[in-house]
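Input: one structure, supplied below.
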């Protein structure tokens, strides 16, 4: 955690941006790079009766860190995706409650 | 967005209902059909020690639009799934906060 | 529902723990075992430019049942994962609103 799920990018594209992106996120969040997990969602996307390329969309699931950090994280992700030559991306944040998050059985809340 | 994730249906079944469903949802939500993304979750489902068919379940992640629209969207999805000959389906809605949703780096909130 | 999504374990490992885990969860939640769905997320995990094993992480999406039940469910899941010889696991709970959950088109709220 933070848990970052990427949709609409290839595994190669996610690999390509992963190192620089995670270093930047770790600096913004003031934590270690190995706290971040990047998952590449490869499920088929369907439109008008057939499989189509998925729209670029990235979801960040984490504990709420406030709007200033969130804006910076959204910008870092967006910049990295656009730098791959992808013209558009949406980034959504969802929040875990600390008392509903358990590490080895111990609640964080 | 809205982002619709389908579980327990085959890719062919999702393709089959996709065009009519998305047209109906666009009419209910008063937006363009290309706002909707349909993702077909193909991860293995496990019960009692082995892989089994997944239970039909559809999740809609979007901005809150109130109960009247939500009821109509749930009905449209349910009707389309039942029309495939599937006897049961569950539909769940989750909500993005507008200030936690960024399009090309710009917050919607 | 409850919907349990497992990440960072192999399909074989999820199969191995599934029967005992679901029996224990059904006892804790006082419901039938067939209410539980176990999904094994097999999407690639990426770190530092390459595909790596995913960190063991389990998400439970359900209706809120309060902290006592939640603690017991977290413990049951954690115990089962650790018993596979996996040294660490995180368990996160997310909540559906009852009025945003529809069974065959009928809202639960």
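Letters A, B and C mark the chains in the order given here, with residues in each chain numbered from 1 onward.
Going forward, a residue touches a chain if its C-beta (ideal position, glycine included) is under 8 Å from a C-beta of that chain, and two chains touch if they have at least 3 such contacts.
Keep in mind that this is a model prediction, so the values were computed, not measured.
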Shared interface numbers for chain A and chain B above half of all numbers used, same, or below, different?
different
Matching the CA atoms of chain A with those of chain C requires turning by an angle in degrees, to the nearest 5, of 120
Where chain A and chain B are represented by their mean Cα positions, the distance between them in whole Å:
21
So which bits of chain B are touching at least two other chains?
41, 43, 94
In the complex, the residues of chain A that touch chain C are 1, 3, 5, 11, 14-16, 18-19, 22, 33-34, 36-43, 61, 94, 96-97, 99-105, 107
Can you list the chain A residues touching chain B in their complex?
7, 41, 43-51, 54-55, 57, 67, 70-71, 74-75, 78-79, 82, 88-95
